[in-house]
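There are structures below to look over.
Shared between the two complexes below is chain A, which has chain B as its partner in the first and chain C in the second.
Here is the complex of A and B:
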């Protein structure tokens, strides 16, 4: 029973790290191969701010998210947007290139040593009925719920949300009624990157990050998104919990050293079980 | 580019170049032979990847598997059997092709970005498995018997021969009905299906051929390096190199991977002293190429040639300049 509980805890973190990918995927229909690296950028940026300002990492994740979002907006608007209409391969190649750029920059700036963010609560744990629950993972689970509620409200209760959904369901028609697609896509990408920054910070509070660690997180996030349903924000939370539980139980069954194999194994099985019908659904709440 | 050369030259020029390399290998300095080998192996990797990802449009991020499988197959074969080297390399290719076919059927259920992510997932899963598997002896490494290691001149000959085989295979596929079917599938799958072109039936053989060529390349790399570890043999860097070279040269063209290999190789000569900056620069170039020159260096050449031609023509005719058509 304990692996299941630990898995649910992990699931919150996994959902947080996958929300951005799901959003971009659902609205722009673009797979961002650099998503994992954006998570890493978020972790490193927050840790820099913590060193410089000495405040709480959860508080500093917010300015970090704003900074990353501000960089992400022009990237989507001027580099990626023109490629999305061009072909299916162009955005894959371009985001793959961005992934390598980010990894190289992080390696140059921070070397390949793993890095963690320390806070009073990062190593604390709460004991409930004999099970130790890590405080940092509990925070991640809470953050996942908060982010899901906020994004859900943004998409369903605001004018901007209606524009986003219109752009996702029918880009041509959305353009005809005066929605600025380029701007909408770029804002969505910026929001996704900002959420990923918070996700990266949460990763570094519980585990460690390194410059090339993003690839594993990308594949894990992708699994979460595929299970949860493309572009479904609430589904992402469910997907995160499922992946967390399967991974924890799987690691107990086959041995912890095969944890990565379990992660990628789930991805491949899930992709094979649902190879079609993933890209037809538009954004739902 | 090559498609405008007569058939004899298309096959003849690469053969003559290969023969010259094989004949001249002994006369070269160690450094020159080393560099040429590196360039040829890079071109092989890119050409093999281009078959699947360029011609057939299935963007594979899993080709590092085949380099690793070929390498380990070579090491294991040399360990247990006394075979001539050429057979070992060939056998490594066959093993890699078998692995490729096994992977192809599940993977080809995926399309577009899903195919890319699925193959990347498999590549990382295989590497993770190899890191924990007794057969590979994990990080302690699996050595190639020292008597089987190749000296640099032989290595250059083998690399030249492999490059020729890979190029001729690509030429043959492009000119066959298989090549036409692949391009039809890439450009319009529904349209291709309506005239009876099946995706799996066309892509699986291409994928197997690509896996075989990449596996043979892995064998040569193993014979060059002498020791295999899961992290080096199954490194994602191989896939990365293939993507970079093909995108810069021109994805889905015959001469693109060759041109790209030369460009990337030259670029690397200049950035060799700045560790870490090289891959950054390459990735930036890739993004710029995708954004501004989607057809790569080959596309640029075709466009420039078209411009010059139309200028000449309009001057001859005294007519107003016409717009250069894009090839």
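Here is the complex of A and C:
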């Protein structure tokens, strides 16, 4: 039972780091290859704020998220939006380029050494029935649930959410009824970047980050999003939990050295059986 | 094809070859500086090695130039170090090694660190017949890159077989139950080291009670740490990259697992490692190639000059020292050859036999100069010598690992 519990905790972190990717794909239909690097940028920015202000990292992740979101908005609006309408491939290529630029800038600014964000709870654990539960992963799981609830409410219960959903379902019709697609896409991209900043902060609190570490997290996020359902917010939470549990239980049953074989093997099976993911129809937000 | 076009091709080839010949001999003019090339990982994951090596190489070149340069064919000439950034990529290092020789006129090369970069450069050096001195590249792995032996490349660093003795020798300095948990990733060195430690443990009277293997980039050490803890291992030997090392230590701390000694190889040899993980790495050990008290030539001079830049007396400082020594070996060989003839320089490198800041360097028939690995313990920002190159105790080891308490 312990590996399942540990997997659920890890899955919460995976879901948090994948939410932004899912949101962008679901609304803009854009595969953001720079998503992992945005996670890293968020972590580095929060760590800088921690050094400068000395407050709690979780608290400082909020202004960091606002800053990253503010940078992401014009990036989407003026750089990526023109490419989105041009072709499906162009924005993928552009986000790959953005990924390379971000990694290079982070290397120049922070060197290749890994960096952590430290707090009293980053290496602490809570023991329940003899099981050590890492405090930072408990926080990540809670953050995942809160973010899913908030994003779900935003998309389903607000006027802006209805505009976003209309833009996702039929961009042409949405434009005809007066929805500003460029602005809507940019806001969604900014929200995704802000959520990624919180995810990156949680990574640095639980493990560590480095300038090129985003690629590893991007692969995990893709797996979570595909398993959970492309573009499904609630499915992303479910996908994260599944990947976490499969990874944790798989490590015990067949050995941690086969972690990637197990996780990506599950991904292939899901793609073959349900190309749109496990939860797309049931819980799509 | 008309006659003019038929003539054009050989003429173009001749011009191109002529141009190559001209650019390829920039060190050949009697007034030109002698060009030494180096492709280094100045960016990317191996950046720390690259920047430290560049500092060491440049230090040696500056010393030679300050003394008037090298005497070649009876005339003193300055030396120019030309560095290119390979971004920690082996294929780029290989291309740049060729560019440095063919286009920049380098008469010799200095290596880039680690087998994935050093072996491609050594291959290029052998193809181009250019003398090359490599360092920060474990010798057995480097030798494995050329089963028939290297012809123009030389390597000075520690030998993995001797290095994998030092963990057990250092663990002997602390009272433990001699039960060992191994954590090795699936990079080539992780597999090789894991096998060596497993083979050697019984020889030193140790028992491997857990051997955890995992892919590089692992974040979830929950089950592995739980297994190691329940096995009762008081000695942990890990071969992991720095991010995985942080994840491992955080999981050990979270599970309240505080072994007597923890060897964090590879991860622990990142200059600022102690500062990365909120003090968790404090008291962990790592094999090293330099430390205060090691007793090598000009030890204190280098500590005084570079410990501030390196952030302490640590592996980064050691890399500067080894870079300096490698460059010194090459420059002395060029001087001894008295010419820029590649074979003469290579033969002079092979005859190297002396004391350098890295230690006593004497190349064997396979062009390797094994220098003894030592063991060091992280104390603040320094890596303190606890086991010297002879396998004898130096400073006492603080146990159990303070950072995990």
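What we mean here is this: the second predicted complex is superposed on the first by the 253 of 285 C-alpha atoms of A that agree within 3 Å, B and C clash if a C-alpha of one lies under 4 Å from a C-alpha of the other, contacts with A are read in each partner's own complex, and residues count from 1 in each chain.
Keep in mind that, in the parts below, contacts are C-beta pairs under 8 Å (C-beta built on N, C-alpha and C of every residue); 3 or more make two chains touch, one makes a residue touch a chain.
Because the structure is a prediction, the values reported are computed rather than measured.
Visitor: Applying the document's definition of touch, where does A:145 land relative to chain B and chain C: first, second, both, or neither?
Guide: The answer is neither, since A:145 touches no partner chain.
Visitor: Looking at A:154, would you say it contacts chain B, chain C, both, or neither? Reply first, second, both or neither.
Guide: A:154 contacts neither chain B nor chain C.
Visitor: Just checking: does A:257 make contact with chain B only, chain C only, both, or neither of them? Give me first, second, both or neither.
Guide: Both partners, chain B and chain C.
Visitor: Would you check which partner chain A:247 touches, where first means chain B only, second means chain C only, and both and neither mean what they say?
Guide: Touch status of A:247: second partner only.
Visitor: Does the superposition put A:31 against chain B (first), chain C (second), both, or neither?
Guide: The answer is first: A:31 touches chain B but not chain C.
Visitor: Taking the superposition on A as described, I'd like to know which of chain B and chain C A:62 touches: first, second, both or neither.
Guide: In the superposed model, A:62 contacts neither chain B nor chain C.
Visitor: Which of the two partners, first being chain B and second being chain C, lies in contact with A:3: first, second, both, or neither?
Guide: second
Visitor: Regarding the shared-chain residue A:238, is it in contact with chain B (first), chain C (second), both, or neither?
Guide: After superposing on A, A:238 lies clear of both chain B and chain C.
Visitor: With the two complexes superposed on chain A, say which partner A:210 touches: chain B (first), chain C (second), both, or neither.
Guide: So A:210 only meets chain C here.
Visitor: Following superposition on chain A, which residues of chain A contact chain B and also contact chain C?
Guide: 104, 107-108, 216, 257, 260
Visitor: Could you pull out which chain A residues touch chain B in their complex?
Guide: For this pair, the touching residues of chain A are 31, 33, 79, 82-83, 86-90, 92-94, 96-101, 103-105, 107-108, 215-216, 219, 222, 257-258, 260-261, 264-265, 267-268, 271-272, 275, 278-279.
Visitor: Note which residues of chain A are touching chain C in the complex, please.
Guide: So the residues of chain A touching chain C come out as 2-3, 6, 10, 104, 107-108, 111-116, 118, 122-125, 132, 134-135, 206-210, 212-213, 216, 247-248, 251-252, 255-257, 259-260.
Visitor: Could you pull out which chain B residues touch chain A in their complex?
Guide: 57, 59, 61, 106, 109-114, 116-118, 120-122, 124-125, 128-129, 132, 236, 240, 243, 247, 251, 276-277, 279-280, 282-284, 286-287, 290-291, 294
Visitor: Would you pull the chain C residues touching chain A in the complex into a rising list?
Guide: 43-48, 88, 186, 212-215, 217-220, 222-224, 226, 242-243, 246-247, 249-251, 253-256, 270-273, 276-278, 280
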